[in-house]
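Written out below as structure tokens is the structure these notes cover.
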Amino acid sequence: MKKLINSPNTFVRESLEGMARAHPDLVRVHFDPTFVYRADAPVLGKVALISGGGSGHEPMHGGFVGHGMLDAACPGEVFTSPTPDQMHEAAKAVHGGAGVLFLVKNYAGDVMNFEMATELAHAEGLQIASVLVDDDVAVKDSLYTQGRRGVGATVLVEKICGAAAQKGYDLARLTTLARRAALNGRSMGMALTSCTVPAKGSPTFELGEGEMEVGIGIHGEPGRQRMPLAPADSIADMLSQAILDDPAYTRTIREWDPSTAAWKEISLVSEPLRRGDRVVAFVNSMGGTPLAELYVLYRRLDEACAGSGIHIERTLIGPYITSLEMQGASLTLLRVDDEMLGLWDAPVKTPGLRWGI
Amino acid sequence: MKKLINSPNTFVRESLEGMARAHPDLVRVHFDPTFVYRADAPVLGKVALISGGGSGHEPMHGGFVGHGMLDAACPGEVFTSPTPDQMHEAAKAVHGGAGVLFLVKNYAGDVMNFEMATELAHAEGLQIASVLVDDDVAVKDSLYTQGRRGVGATVLVEKICGAAAQKGYDLARLTTLARRAALNGRSMGMALTSCTVPAKGSPTFELGEGEMEVGIGIHGEPGRQRMPLAPADSIADMLSQAILDDPAYTRTIREWDPSTAAWKEISLVSEPLRRGDRVVAFVNSMGGTPLAELYVLYRRLDEACAGSGIHIERTLIGPYITSLEMQGASLTLLRVDDEMLGLWDAPVKTPGLRWGI
Amino acid sequence: MTDRDTLGRKEIAAWLELAADALQAARDALTELDAAIGDADHGFNMDRGFQKVRSLLPTLSQQDIGSMLKSVGMALIGSVGGAAGPLYGTGFLRAAAVTSGQQELSPEAVGSMLKAMLAGIVERGRATPGAKTMVDAMTPAVEAYDRAQTTGAGLCPALQAAVDAAEEGVRATIPMQATKGRASYLGERSIGHQDPGATSCALLLKALHSAVCRGRNA
Amino acid sequence: MTDRDTLGRKEIAAWLELAADALQAARDALTELDAAIGDADHGFNMDRGFQKVRSLLPTLSQQDIGSMLKSVGMALIGSVGGAAGPLYGTGFLRAAAVTSGQQELSPEAVGSMLKAMLAGIVERGRATPGAKTMVDAMTPAVEAYDRAQTTGAGLCPALQAAVDAAEEGVRATIPMQATKGRASYLGERSIGHQDPGATSCALLLKALHSAVCRGRNA
């Protein structure tokens, strides 16, 4: 294992310490329990937006804390969901009196830990809501799986909802927006190499020189399928067709209802992309794939969208939701309307995403 | 070789096409000869700032084209300096009547090709100046080498000078600033892995599992020294000490003098960093090293600077001047004064660097 | 059955100590299992959690069994993370609820404790048997314990039956296609691999058996 | 020396064709040499440049030697890039300057052409012999040609002497520590490797010899 770390045990903590020192104007880091929060938190009267998940996906989520995006992020160990006390303490630290929205990626661990945190925060008297992101079209059904993983769309949903929270949306309106944004995102990823979890010290899986994994998530887990390595255009075609051809997707999920202070099962449908839709297109590096290759993929994605009558309104290209040093990429299309587009364009000032300010 | 490309022959072109499509509001790409230029070029009355170099360092330089940074960038083949016609045509396309400044990294190839371009552009009637960036302290002497390589400081110099050009500095003042900024930069880099030049298809050098290369440049060339792999803190200490302890560095370089329209040899001294100095600190990924590891390095660099009485005023952390998918990192400290700091903070809007706008 | 056929506070402490030993020893093996169909962290997660539990043991010595198990549940919830943390954590919290105030558990009470633990895991994770999870080790174990109990077996034979059934349950996860947890993303590719959570579950039960029955004749 | 002991336009064209062949064949080998002490592109650079030159050949057939060499210089400058592009490009431009308007070159004129080429390379790159560059192949070649010339040797023997000296010069770069070009960054680690630019330079001279002397008795 070759990494610029001191030890697997101290990696997450030292990395967070470095981030805090590098961006003292933007973020602070609290330890025991661990969470990253806005340097100017709490922002009074604003809904606090909080996310979190395992580490190893940087800049997500800690790098998205700041003006116009997250109020706090809770990093777990590498690829391990954070624990409920982290979210609970973060919520207490950053809430500004207007409630808290948890944005949760759909993984068994994240979901359960956030559920417990939600109950804790509610018991503490906090007004709390939670929305799930589950955009990975590589996972086909929701009945015979844990449901679709939350991947690339998470970044876009955090940006859009962060802008809305900054603009003063109340908790109910923000929750509705977050659910709508999440339902409009679709992603698919692939890997050229495995990553190496520091504590394990060896690659999670082995791939031959002529092979790739298609339909991967963001935790170094193997994908749906191992295939012969293909040219970038074929890969872009395969991923973008999976997204563009993905039919309506229905699932039942549990969401915390702040009005009744209870979990309710709701059935949600994500509508397929259709000719004439407007999207934000996101080409993401899994960590070890350089920017120049992402642009090769984007070139083809742009053609594919044009061919399907999908209008790319904005782009995001780079390593934003990563799997350590894995080589590979994911594509995300998020259907937007004027409201979401305006929120996308709104100023954001975080270590990982910044414009307009 | 595992890369998201279609073929080594089309890689640079397709990547540039992708960049142009991804950022139509910011940049355009011209082919035959190849250069990236501001979508709103020429900006009348503004000095045009142009840089260039081999491809494989993305986002540098094409990703730094836009408001507040470069007017044009000339990408060569992977790791191969561009040809003089590229710089010449770029200069003709983007100059706004106030002259052109070439920012050149100190490599034999870059220097010679830019020299020829300078002569061509001058012959064309353009007012032209050029400034060399040579900040790599891994190269010790200038007499028995090609002189220090231009590495990390290039990004910072482009940002600072781009802001100054945007602010309306005239060619003479911009040239003086560029030289001063370049003289205040010091960098050093290391690699955990080699990169693979697409056309070659195999790694440029082989490194054992327990080895690293120290004192590398940005072209996948081997470094000054091969050493046993060390913890991140030791690596950060080694790189930062090399920068902090680097003595005054004197070299004779050729600069084009627009007033006499001739090359003149000038002797320049870069003064060492001293207690009390204020710097921009830049921790750069060579392409394959993820952000979380850069923060581990930054944590220690921050300590080292504090220990040496160096005040870090601003930070830049990420993959900005890369060597394809190489794993490794470089550290750069650039001494700044109020003027440079103000220019650093000024708005910038490029595909690769953006804030304030 | 004799008067001594009970599970006391000392045995609970020994269980947790032995579980911490076992999970430390199995750390890399569990992680390898998780690498094949998950994200290569289950061994670290469980080890981290039970080392945390181990560090609490001195503070638990004066507590009743319910309080001990509650502390364990809270420690797991606060330190394991991932899927396993809330699942085992909730399991221990439910076990604590049915042993609240107890200094000693009869074989029946041990059965209730195990049942409560399983119920907590299922309540939290909503997995049914056959989904290729820890539930596939815990469910047959609870059933086997019950069966042994109702046929009049003592604590140790019943625990031995539970361990055997859990281990059988672990093996049974190999041909299953996962429908819960991270392995479910693999679809058919999850077939042929042993579930890491089921494996750690069997280790926990084995530690319980050892804590209670070493030195006794089963 | 006979009337036929000259270098004409046809031989220049043949030279460029053979050079393109040789650099194509040596592409990977030159790149490997550059990987060891540089950035692994010299073979691609030279091949790209001379394939460009090859593509121009049809358009050059009516031109005088100076014009042909000028076109070659411009083509190399516009397509090779890196260090080699401006160096060889300038070399050919200088060679063009001293052969301007010529249809045929005497052995002395060939000597001037080679000398001009070297002068161009040195003027552009400011390398002295011993810096581990193409100058270390070109300098002894020019000197050997001159020596052969002044002792009355014909064109082919003089070119053969130039090639031999260039190849000897290439070998002599192996123990050198580079002080120019990319290899100079390696310091002492550049020792023990053959310079790629010197190697391509010897190939160019060898192609010239072949173009002029195949079918002749040297």
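Things to note:
Letters A, B, C and D mark the chains in the order given here, with residues in each chain numbered from 1 onward.
By our rule, a contact is a pair of C-beta atoms (placed from the backbone, for glycine too) under 8 Å apart; a residue touches a chain by one contact, two chains touch by 3 or more.
Quick caveat: nothing in here was measured; it's all calculated off a predicted structure.
Contact with subunit C and subunit D alike is made by no chain in this entry.
Of all chains, C has its CA centroid at the greatest distance from the CA centroid of subunit B.
With centres taken as mean Cα positions, subunit C sits 57 Å from subunit B.
Centre-to-centre separation of subunit A and subunit B, using mean CA positions: 31 Å. Listed for subunit C are no residues, as none touches two or more other chains. Counting partner chains per residue, subunit B has no residue touching two or more of them.
Interchain contacts link the chains end to end along an open line, per the touch definition above.
Here, these are the chain pairs in contact: A-B, A-C, B-D. Per the touch definition, subunit A reaches subunit C in the complex via residues 33, 54, 76-85, 107-109, 112-113, 115-116, 138-140, 144-146, 149, 197, 199-200, 204-205, 215, 217, 219-222, 224-225. Across the interface of their complex, subunit A is touched by residues 28, 31, 35-41, 44-45, 48, 77-87, 124-125, 177-182, 184-187, 189 of subunit C. Contacts from subunit A toward subunit B in the complex involve residues 2-7, 11-12, 14-19, 21-23, 55-56, 58-59, 63, 192-193, 209, 212, 229, 231-233, 235, 283, 287-300, 302, 315, 317, 319, 322, 324-325, 327-329, 349, 351-352, 354-357.
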